[in-house]
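Each structure below is given as C-alpha cells.
In the two assemblies presented below, chain A is common to both, partnered first by chain B and then by chain C.
After this line comes the complex of A and B, so read on.
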C-alpha cells in the first residue's frame, strides 16, 4: 500500500475544504494511505517575497517533520508543491544555507537530510498509480463534456526544479482529465497565471489576468475549468463570483477541482466530494454523466 | 520614465546583486525581450517590463528599482525564467529585488500583513475551533489551532 504524509497548507483547511474531502475520498478508493502530521506549518510560500531565508526555514521544517516519520509528501496545492520542491533543492545543493537552516531547526531537535520526495497529487495519480489502474476504478464516465485544464504555474515551472511535466507542452493533466471520459480542449492561455498571487497587492491586475483566462476558456468552447490547486480554485470560483458584482462580468465558466471530477466517475457521491461547497454552482456537471 | 539620470546611479548595485542568488546571472542578459514578450503581467500592464527592470538594475538605478511599485507586480509565474535563452533566473531576480526592498522598508501592506501572520501563527489562515467543528462535520481530522513553535525558530524575534 502506498503511504504519504498529506500536506494541506493553509488555504485548503480554511477556505477550500471540498478539495481536502474529495482528494481523500479518491485516494482512499485507490488504496493510498494518508498520514496527517499535526505539527506541519505554512509551506513558506507567502514569505518568499519578503524574507527568502524564512521561507526556506518554514519549508524545510515541514520536510524535516515528514522525513522524521520516513514518509514522502503529497501536496494538493501547486504553490506548496513549488515551495517545498524549491526548499528541498536548496537544502541539497546549497551547503551553507543547509547548515544554517539545520542549525535553526536543531532548536526543535529537527534536521533535514534530503531523503524524502515531494509529489503533487496529480503526479501521484499519473505516475505512482497510473492511468490504467485509475481506469479500473472508474464505474461511469462523462459524455460530451469539454474541460479546460489549468495547469498552474508552480507545478510546471521552474521545470528543472519541479520536474512535473514538459513545461511548454505538458500532457499529464490532460490525460488524467480524459480518463473521466471528458474532452480536454486546447485553449491558448492554458499554461498562464490564474492571477491569485496578485490578489491583495493589486486586485485590479489580479482580476485582469483571471478575466482573460475566463474569456479565453469560454471562447475555446469549455464547459468547465478544471484545477488542482486551492489558489487557482479560489481565483476561478470565489473571485470569478466576486467579479460578477465588481465588474459586471459574467463568463459562466465554473471551476471544478480535479478530485471532484474524478470522484464522480468513480461512483463517489457528490456530497462526499463537496460538490455543493463550491461558490459557483457546479451541480450541472452531473448531467454529463452517462 | 524618460531619461536616465546617472547622477543617481549606484555603480556598486550590480556587484551587490551579483553576489546573491537570482542576481548572479543578470549581466548575461542581451535584451532579446523574450521575458517581456512572455510576461502575462506586461501584456495587461504598461508599468511592468522585466527587461527594463534588469537594465535599470545593471545601470545601478537602485533607488528607482527598490522604491518602485512595479517590482511588486511580478506574479512569480516563472514563464520568463523558463524561456530565457541566456539562463537569467529572472523570477529569482525579482524575488531578490523584493527581499532587498523589504530590507529598506518598502513593502505593500498586504505582504507585511502576511509576514506578521505567518511569523506569529505559523499559518496564513489560522484555524479556530469553529473551523475544526466544520471539518469534523464532514469527517476531516482536526488541525491544531496554534503553532507557537514557529516563534522559537526566528532568531531575531
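After this line comes the complex of A and C, so read on.
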C-alpha cells in the first residue's frame, strides 16, 4: 500500500474543501494511505516576492516534518508543488543556503536532509498508480464530454525543477482525463496561466488572462474546464462567477476538479465529491455519464 | 466591618467595570465595518439580534453550544487534552468554590439545612474543588514556564491571572491549615458553642481535640488517658460534633497543619492565621474588582463570543452587529496561543523579527489599539506587515477555543491598516489573493489605493524610470549593485543573456498589452540587460516585475538558460528591501 503525507496548503481547507474531499475519496479507493501532518505550514509561495530565504524556510520546514515521519509528500496545489520542489532542489544543491535554513529550523529541533520526494496528485495517479490500474477501478464512463484540460504553470515549469511532464508537449493530464471516457480537446492556450497569481495585485490583467483562456476553451468546443490546483479552480470558478458582475462576461465554461471528474466514473456519489460545493453549478456533468 | 466595606467596594467596582466594559462593545470600533455606525444603532441591532435568535430555531444551536463549548469546553479538548484538563479543573473548581464556599450564606445554607463549612461532605468537597484549581494552576505554570509550549507568549496579563488565582488558593489552604492547629481558634469556639465551665471537663475536651483534631495546646500534651478521651468524646458529641468532621477530610489544609505543627504555638501567638484570612479575602475582593479589566473578563466574553458566533456570520448578520461583535471578540481572547500554534505562517517568525506575525499577538495589539487608537509609524509598519503576512487559511478561526471569528476580524482590520500611512510592499504579493477574491465586499474607492501606492513608492525611488531621456554612462558598471544580486546561486545566469527576446515574446503579460512598455516599463529581456549593465533603477523600477505571473514561460523558453523568472523574484526582493527599508 502506498503511503504519503498529504500537503493541503492554505487555500484548500479554507476555500476549496471539495478538492480535499474528492481527492481523499479517490485515493482511498485506489488504496493510497494519506497521513495528515498537523504541523505543516504554508509552502512559502506568497513569500517569494518579498523574502527569498523566508520562502525556502517555509517549504523546508514542511519537507523536514515529512522527512521526520519518513514519508514522501503529495500535494494537491500546483503552486505548493512548485514551491516545495524548488525549495527541495535548493536544499539539495545549495549547501550554504541549506546550512543557513537548517540553522533556522534548528530553533524548533528540525532539519531537512533531502531524503524525501515531493509529488503532485496527478503524478501519483499517472506514475505511481498508473493508467491501467486506474482503469480497473472505473465502473462507468463519460460519453461525448469534451474537456479543456488546464495544466497549471507551477507543475509544468520550470521543468528542470518540477520534472512533471514534457513542458512544451505534455500528455500526463490529457491521458488521465481520457481515462474517464471524456475527450481532452486541443486548445491553443492549454499551457497558459490561469491568471490567479495576479489576482489582488492587478485584477484587470488577471481577469484578462482568465477571460482569454475561457474564450479559447469555449471556441475550441469544451464543455468543461478541468484543473488540479486550488488557485486555478478559484480563478475559473469564483472569479469567473465574479466576472459576470464585474465585466458582464458570462462564458458558461464551468471548471471541475480532476478528482471530482474521476470520482464520478469510479462510482463515487456526487455528494462525497463535493459536486454541489463549486461556485458555478457543475451538476450537469452527470448527464454525460453513460 | 472592614470586611464588609471592602466587599461592597469591590462589588461596586466589579459591577461598574462590567457595565463599562460591555458598553465599550457598542462604543469602540475596529476595522472598516464600524466607522459610521453610531452606538444607539448598535445597541438596537444587538437587542433585535439577541431576541431574534432566542425566539427562533437558533435557540437549539445556542443551547447546544452552551453545553458543549461553554460548559464542557469541547473546543479545547479537540485541541489539547492536557490543556482541557487544566481549564476544566480551574473553571469547574473555581466556579464550585465560588458558589458553595464563597457564597455559602446565599446558596449552600438555604439548600442544605445541616450545612456547616467544617462538616462533611462540604468540608471535603471544598478541599477537593480547591485541589482541582491548584492542579490546574500547576499545569498552567508548567505549560507556560517549564514545557515552553511553542509560540505561547506570556505577557503581564497572563502572569497576573496566574498569580492572583494562586494567591487566592494558597492563602485559603494555609488559612485552613493554621486554623486546624490554632489554640486561639479552639478557645473561641469553646467559649461560643461548648457551654462548659467545669475545669476538668474543659481539660477533657481539650485533650480530645489535641488527640483527634490536631489542635496544638500550650496546656495539655499526649499521650492521654483513655478515660479522659472518653469523657472528652462525650462532651464533643454534645457541643461540637454536629458541626465538625475530622480535620483529615480537609486534606489540603490538613497537610499544611501537619507540616506546620512543630511551630503551631508560635504561629498562633503571632496570629498568622488571621494574616492569611486578610490575604485570602482581600485577594478575592481584589480579583473580583479587577476582573472586568483583566484577562479574566473572558469568563463573560468568551461564552458570548462562542454563542454569538454560532448564529452570526458576515454575509447575513446586520453590519451594526458585526461591528459590535468584532470589538467584543477582543475581550473574548484569552491569549491562549492556539491560533499561533496552528498558524500557517507563524514559521516566518524564525526569520522575520516581528511578533505581530502571530495571531495571538495581533489580538494583544488590537486590544490596546481599540482603546487608544494612537500609533507611531514604527508600530503601524509592524502591524501592517503582521496583519498582511497571512494566507487566510482560516486555521486560527477553526481552532479558537473562544470561537472568535478571526477570519472576518483580520479581513476588516487589514483594510483599516493598509489604507492609511506608509505603503505596504506585501500587497504586491500573492498574500493579496484573498483580498482580490473578496473585492466586492470592499469599498471600490479604496480598493486600488494600497496597490498603487506600493508601486508608486518603488518607482519614485528609481530615478531613471522617471527620466527616460537621461543619458546613462554605461562605464564603469555599477559593480556594487551587481554584487547584491546574489541571493541564490541561480541569479548570476543573467550574464548569459544575448538579447534574443524570446522571454518577452512568450510572455503572456507582454502579449496582453497593445503598448506593453507604457503599461509595464521595461520588458523581460530589457530587465535582464539592465541587470547585466548594473543599472539598479531600471532593474528594479519596472512595473513588469509586479505584473509578472511567475508562469515561467520566459525561463522555460530561454535558449541560454537564464533563470528569468527566478531572477525576477530576486529583483522583487531587492526592490522591496531598497525602497521600503526604514
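Everything below uses one rule, namely that the second predicted complex is superposed on the first by the 290 of 290 C-alpha atoms of A that agree within 3 Å, B and C clash if a C-alpha of one lies under 4 Å from a C-alpha of the other, contacts with A are read in each partner's own complex, and residues count from 1 in each chain.
Simple rule for what comes next: a residue touches a chain if its C-beta (ideal position, glycine included) is under 8 Å from a C-beta of that chain, and two chains touch if they have at least 3 such contacts.
Just so we're clear, the structure is a prediction, and the values are computed from it rather than from any experiment.
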- chain A as common anchor, with chain B and chain C clashing or fitting: clash
- Based on the superposed arrangement, let me know which partner A:222 touches: chain B (first), chain C (second), both, or neither? neither
- Task: Return first, second, both or neither, reflecting whether A:245 touches chain B, chain C, both chains, or no partner chain.
- Result: second
- Which of the two partners, first being chain B and second being chain C, lies in contact with A:46: first, second, both, or neither? both
- Message: Looking at A:17 after the superposition, I want to know if it touches chain B, chain C, both of them or none. Which is it: first, second, both, neither?
- Response: first
- Query: So, A:182: does it touch chain B (first), chain C (second), both, or neither?
  - Reply: neither
- Query: So, does A:274 touch the first partner chain B, the second partner chain C, both, or neither?
  - Reply: first
- Message: A:63 in the overlay: touching chain B, chain C, both, or neither? Say first, second, both or neither.
- Response: neither
- Query: Which holds for A:36: it touches chain B only (first), chain C only (second), both, or neither?
  - Reply: first
- Message: Contact-wise, after the overlay, does A:172 reach chain B, chain C, both or neither (first, second, both, neither)?
- Response: neither
- Item | Single chain C stretch clashing with chain B - from 333-341, 369-377 or 441-449 | 333-341
- Note on the structure: Residue overlap on chain A between the chain B interface and the chain C interface 10-11, 13-15, 38, 41-42, 46-52, 54, 57-58, 61, 94, 104-105, 107-108, 153-154, 156-159, 167-168, 192-193, 195, 197-198, 200-202, 205, 208-209, 212
- Query: Considering the complex alone, what residue numbers of chain B touch chain A?
  - Reply: 21, 40-41, 44-45, 72-73, 75-79, 81-82, 89, 91, 95-96, 98-99, 102, 107-108, 110-112, 114-115, 118-119, 122-125, 127, 131, 134-135, 138-141, 143-144, 147, 149-150, 152-155
- Note on the structure: Contacts from chain A onto chain B in the complex sit at residues 8, 10-11, 13-15, 17, 20-21, 24, 36, 38-39, 41-42, 44, 46-52, 54, 57-58, 61, 94, 104-105, 107-108, 153-154, 156-159, 167-168, 191-193, 195, 197-198, 200-202, 205, 208-209, 212, 274
- Task: Show which residues of chain C lie in contact with chain A when the two form their complex.
- Result: 150, 342-348, 350-352, 391-395, 398, 407, 425-437, 439-440, 451, 487-489, 508-509, 512, 546-547, 549-553, 555-556, 563, 565-566, 569-570, 572-573, 576
- Query: Across the complex, what residues on chain A touch chain C?
  - Reply: 9-11, 13-15, 38, 41-42, 45-54, 57-58, 61, 79, 90, 93-94, 97, 104-105, 107-108, 153-154, 156-159, 167-168, 192-193, 195-203, 205-206, 208-209, 212, 231, 234, 238-239, 242, 245-246
